[in-house]
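Structures incoming, each one as structure tokens.
The two complexes that follow have chain A in common; it is paired with chain B in the first and with chain C in the second.
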Partner chain A sequence: MKKFIAMLMAAAMMMAMVACGNTASNNGGNNGSNNSGSADEGGSTDGTVVIRIGGIGPLTGGNAVYGVATQLGAQVAVDEINALGGPIQFEYNFQDDTGVAETAVSAYNTLKDWEADIIYGCTTTAPCVTVAAETFADRYFQLTPSASSTDVTEGKDNVFQMCFTDPNQGVTAADYISANSLGTKIGVIYNNGDAYSTGIAEAFIAHAAEIGLEVVATETYPSDSNTDYNVQLNACKDAGADLVFLPIYYTPASLILAQASAMGYAPTFFGADGMDGILTMEGFDASLAEGLMLMTPFNADATDDATVNFVESYKKLSGDVIPNQFAADGYDCIYAIYAALQNIDGLADMDHEALCEALIAAFTAEDFSVDGLTGSGMSWSTNGEISKDPVVVVIQDGAYVTM
Partner chain B sequence: MTAMKQARRLRKATVNSFINYAIVIVAFIILQILLGQDMISNSIQSMLVPVCCYIVMAVSLNLTVGILGELSLGHAGFMSLGAFSGIIVSTALKDVVEAEPLRLLLAMLVGAVMGGIGGVIVGLPVLRLRGDYLAIVTLAFGEIIKNVIMVLYVGIDGDGLHMATKEANLTLAEDGIAIIKGPMGAVGVTKIASFTAGFILILVTLFVVQNLVDSRAGRAILSLRDNRIAAESCGINVTKYKLMAFVVSAVLAGAAGALYGLNYSSTVASKFDFNTSILVLVYVVLGGLGSIRGSIIAAAILTMLPEMSFMRSSSLKDYRMLLYAVILILVMLASNNPVLRNAFGSVSKKFKSSKKQEGGAAQ
Partner chain C sequence: MSFLNNVITGISLGSIYAIIALGYTMVYGIAKMLNFAHGDVIMVGAYVCFFATGSFGLHPVAGVLLAMVVCTILGMVIEGLAYKPLRQAPSLAVLITAIGVSWFLQNSAQLLWGAAPKVFTPVVSGGLSIFGGQLNISYVTILTVASCLVIMAVLSAFIGKGKMGKAMRACSEDKGAAQLMGINVNSTISMTFAIGSALAAIAGVLMCSAYPTLMPTTGSLPGIKAFTAAVFGGIGSVPGAFVGGLLLGIIEIFAKAYISTDLSDAIVFLALIIVLLVKPSGLLGKYVPEKV
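Here is the complex of A and B:
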């Protein structure tokens, strides 16, 4: 009898779970069809089309700072576009993937149940590669603000990037260092447990060899939770490196800067876009970052109207946090989608598959380019990679100065 | 009289096992019917295979933790071995074995074997340790596997498999493809895992674990858990039986890993870290140490819970992981609360006594 009860309860739980998910999704579905129905009706009367944008990124876990930035950056753009009251209105739903591929697939499927039209994300690379394969199979248009590996777009015509690819950054950095003769002996410290870091470092080292830049030390560490970098710094110091390239995120970089300063080693430090955000890091002595160079497409201290307005709106949403380039990339993503949608006829009648094909055509059109916060005249190639000018900034008096 | 009692006792264990099979089969049939009628949301559909994998992980870990009584914190390491070897096999045999179910079966078999080899390598020296020491060594094993795969580049071309620890050293012919790319993990995997395969794997796992526990060897394993010294004095070979349980557990984890790896188009080694091992341990502990059924139910519910649509609804999604943690704590407290336990105990006692009376009346 007891076992029977246990079995019954287990079955009941199973049913409840299924039913629960089901009713909720049905509700979502109904809402969705109602909304799109009204959008269609609206299409015939006042011409308003509602496009549902589903975002994915880490809102919890170690990468949350990037996920939240992309979430809010896009939110600013969505709010602005909806406030314009134009014929295209956005609905926006951002789901947490905790930076894990498995969760990202669940998040993506949740968005499918919500009847998303376009997928915006993922923020981090590994989940994005997995989700990109899903959107490719299901035919959703996907634009990622910050997943920078070439694996994200490779072989998938529906996936586009707003950020530079990793190899692209490595090559650009090597060229820039060489062209401006910033250093003669280069040390590289990177995280060999991280795809982003490894991707940039390997491309940098390979390209440095081609253009005759001398790399004297290549040091690695296995994880961003590492706290002691004295071994790597000493190796660079002993090899006589006068420039140390750090294609890593800013949390480990802050420790490297502090430990280098403590051991009296003062080469030029040069970072990639993951370094962006180091100045706003809590508990970091910004004077340590003095003279640090990094490649970032966005400078929150810039004085042009677009940036000033964005920073102001973003601060309202985020509780006075200054936006980093992830937020700016997110903002640009929404505007790029908006610009592309304006070039498409007959939006109201399109399902996500038709919209996907139309957006692919619009993004890869010869004359399609977008001016945004992270670059002007941004355009996309058929392989989904963006073309925009890299910007190198140097930190002076606690602020970015464009070089 | 004693013979009759023994028969009844055996029958009880058998009935218990069959109820577990029944739960799994009934759940599978219900889900299949719902799937056929298209009544299950995409988000639940996408979780069916991972849930199967986690159930197998939990049941197999229960064999080590609940039944053998040794704490293992590296179970995800075996899963990782299975996942990546399964992916390699599946990719390598793509043109040779056309039928996907057969390829999946081969991949899972190889994954299981790799998990088993890992189990023997870790188990032989380590099972001489006890308690905390074993926990620490298994923990280290999981991390070692993760870090090794993170620097491993594996590719295949006409000449066969190539391995290197640096991307530049991986030289492939024109037609070659890189299967595992260091920290990027395995990318571009053909998804061949299916819910049916997961269901069959759960049944196989139940069959293996339940029959092992019910066998002569299983009793030896249980006796080691309850009193090692007494068991040893009865002539039970401690290392042999410990290794048996540990390796069976690793084999099943390897098969689950292969299924998991082939359910996604890309997999990174960092997925199978300490956190995943702990997650599976949480399923085992919440389900009840030694309770196979508890592991199945806990793994299914806890895997799906944070992904349920109500948890991802706009009002709750910001507190999703917080809610998940709170629910875990509440369940843990509730299952250890003496008042609640007594309440459940008295209910089940009532059922038992009423059953006895029924039985008596029938006689």
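Here is the complex of A and C:
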């Protein structure tokens, strides 16, 4: 027991030392006397300001596909902005959180030690909620490309989102289905082990009841590693659902589509933005997705210059992987930060706390809006939620067609 | 009719658990160690078959054979590098090592093949439609059940007869005594791993044919479920793995269909607890008293 207490004390002392070390090095950085000679803001003499962006997201594990997309999407933007050679230059460091909240906090601490000025991330909701609480207390500006729960931003003035909030998507989907009479009897299949999926589904069901859209079956499954959806599909089929709403990620959705096809059930399937990417799955039979509708802010097949350039640069970084909306959201995040930084005076003298306040003011300013890959005229409310138009696409002949 | 449909869904899920559980149970039965990396060897097998048939255009049968060869080699390498040095170590050390190997395989797979899920092309597609399309039994399910039965028969015959089988049973009973009798325990255990890994390759291909999403974490959850199935049926017992797998699949689907989709996993594990309380060695397991 004595030994245990001694160990505990030792651990506590270590923690205290590490904590002291942090403050010391931060102060050092601000006084310009940091012996590591790091290029903190105001560190260089030729008038350029170097802003350090610390990214967090899953680079390994089951959610790696989203984390890697946000990492590389932002990398494309950072490279472009740095190549401009303007007065604002970015340093970019992306840490792996494996999609786990505890790991995300250590990734965040690593970035603090690296003297990050702005936190970009996290990719997934649960880690983001945890990190957001930390950045709120420590006063770092945080912009997440894809963590869409309202829990991420609630009560935290420093956290902003590039994606739609989950309830917002659910409500929009219900309105869209009703306005276009896409279905009369609606089935919903969602992952009740996931905040994203549950958030959209609950808002959808609640709003459907308000606008008189009949939901005949609400089916759940516990995790995205679930493989068999026959029971859920049978329940929708037996209830006579002619439209099945799938507010889930595309990996389980691909199995649902295949299993529905095998059992000869062909309602209209309608997905949220997590469905984006289904066509990029290697080996996926695109005919299964024929007629599938989804809400996505980004279409990699679009022919405008911005998208074409982005897709090209992204493919160079990713080894020919086509960017999904996570990548596009990441790209827009960096440009939004860049746009906001340009509206701030006296960047060179700011530490991360001052920068946080200045960026909050810049993001919520009346006249601040950003045109990006995922929308034009994007603006933010004081609670951190974005306002941009949803785009519904339908898959025809293996490609997105905007509705 | 929906009841019969659920039975069929349960059997198709259960047959996947069963074929994975066969490998688990065989390795445990002989080497007395839980190879938690088994699920990840399955994933590697599926990837090999995916690339063999998809990228190199090989015939599915050739793809399966290639996957078996690669997995056999992989299994022997893992055994030689990670488990053999721990032959005398306590079983907990081996267990932790197995978990480490599992993580190593998952992350290597991600480095090699990326995190993005791939869609596996089933080795057999289509299904049997009966009662005017009311019931659908996919050929993959039939093939999986048939493979399970064949593997079971072959394994039982192999372990029950012949010199190698005798050596395996001897090692399983008492490693020390087996060695004194002139049996090469090390090579016998390596052989066990080789066979287990070849079975994993077959399981991987069949699993991904039934549920065609393939990513680095594909093997981990089915691996755990199959382990449960093996314990359910009596770990170490080859027919037990088959029965346990099928029952587990059917219980899971029934729990989803008639009780709650939220609680299905809880119900599956509750069933496991009840079985273990009533019959601690599993359904078909043999109770071996500890001799002091």
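The definition used in the following text is that the second predicted complex is superposed on the first by the 357 of 403 C-alpha atoms of A that agree within 3 Å, B and C clash if a C-alpha of one lies under 4 Å from a C-alpha of the other, contacts with A are read in each partner's own complex, and residues count from 1 in each chain.
Assume a residue touches a chain if its C-beta (ideal position, glycine included) is under 8 Å from a C-beta of that chain, and two chains touch if they have at least 3 such contacts.
Note that the structure is predicted; figures quoted are calculated from it, not measured.
In the superposed pair of complexes, A:T60 makes contact with chain B and with chain C alike. By the document's definition of touching, neither partner reaches A:T124: not chain B, not chain C.
In the superposition on chain A, A:N234 makes contact with chain C only, while chain B stays out of contact range.
In the superposition on chain A, contact of A:T70 is made with neither chain B nor chain C. Legend: residue contacts after superposition of the two complexes on their common chain; A:N192 is shown touching both chain B and chain C. When both complexes are overlaid on chain A, the residue A:A258 reaches chain C alone and has no touch with chain B. In the superposition on chain A, contact of A:P222 is made with both chain B and chain C. Residue overlap on chain A between its contacts with chain B in one complex and with chain C in the other: 60, 192, 222. Those residues of chain B that touch chain A in the shared complex are 15-16, 19, 22-23, 26-27, 30-31, 34, 39-47, 50, 147, 150-151, 167-168, 181-185, 187-188, 191, 264-268, 270-271, 293, 297, 300-301, 304, 306-310, 312-314, 317-318, 320-321, 348, 351-352, 354-355.
By the touch rule above, chain A contacts chain B in their complex via residues 1-3, 5-7, 10-11, 13-15, 17-18, 20-22, 24-25, 28, 59-60, 93, 95-96, 98, 100-103, 105-110, 112-113, 125-126, 129-130, 133-134, 149, 151, 154-155, 192-195, 197-199, 202, 206, 222.
Those residues of chain A whose C-beta lies close enough to touch chain C in the complex are 60-62, 64-65, 67-68, 192, 219-223, 225, 227-228, 230-232, 234-235, 238, 251-252, 254-255, 258, 262-264, 280-285, 319, 321. Listing the residues of chain C that touch chain A in their complex gives 2, 5-6, 9, 12-13, 50, 54, 107, 110, 114-121, 127, 133, 136, 138, 210-213, 215-217, 220-222, 253, 256-257, 261-262, 264-265.
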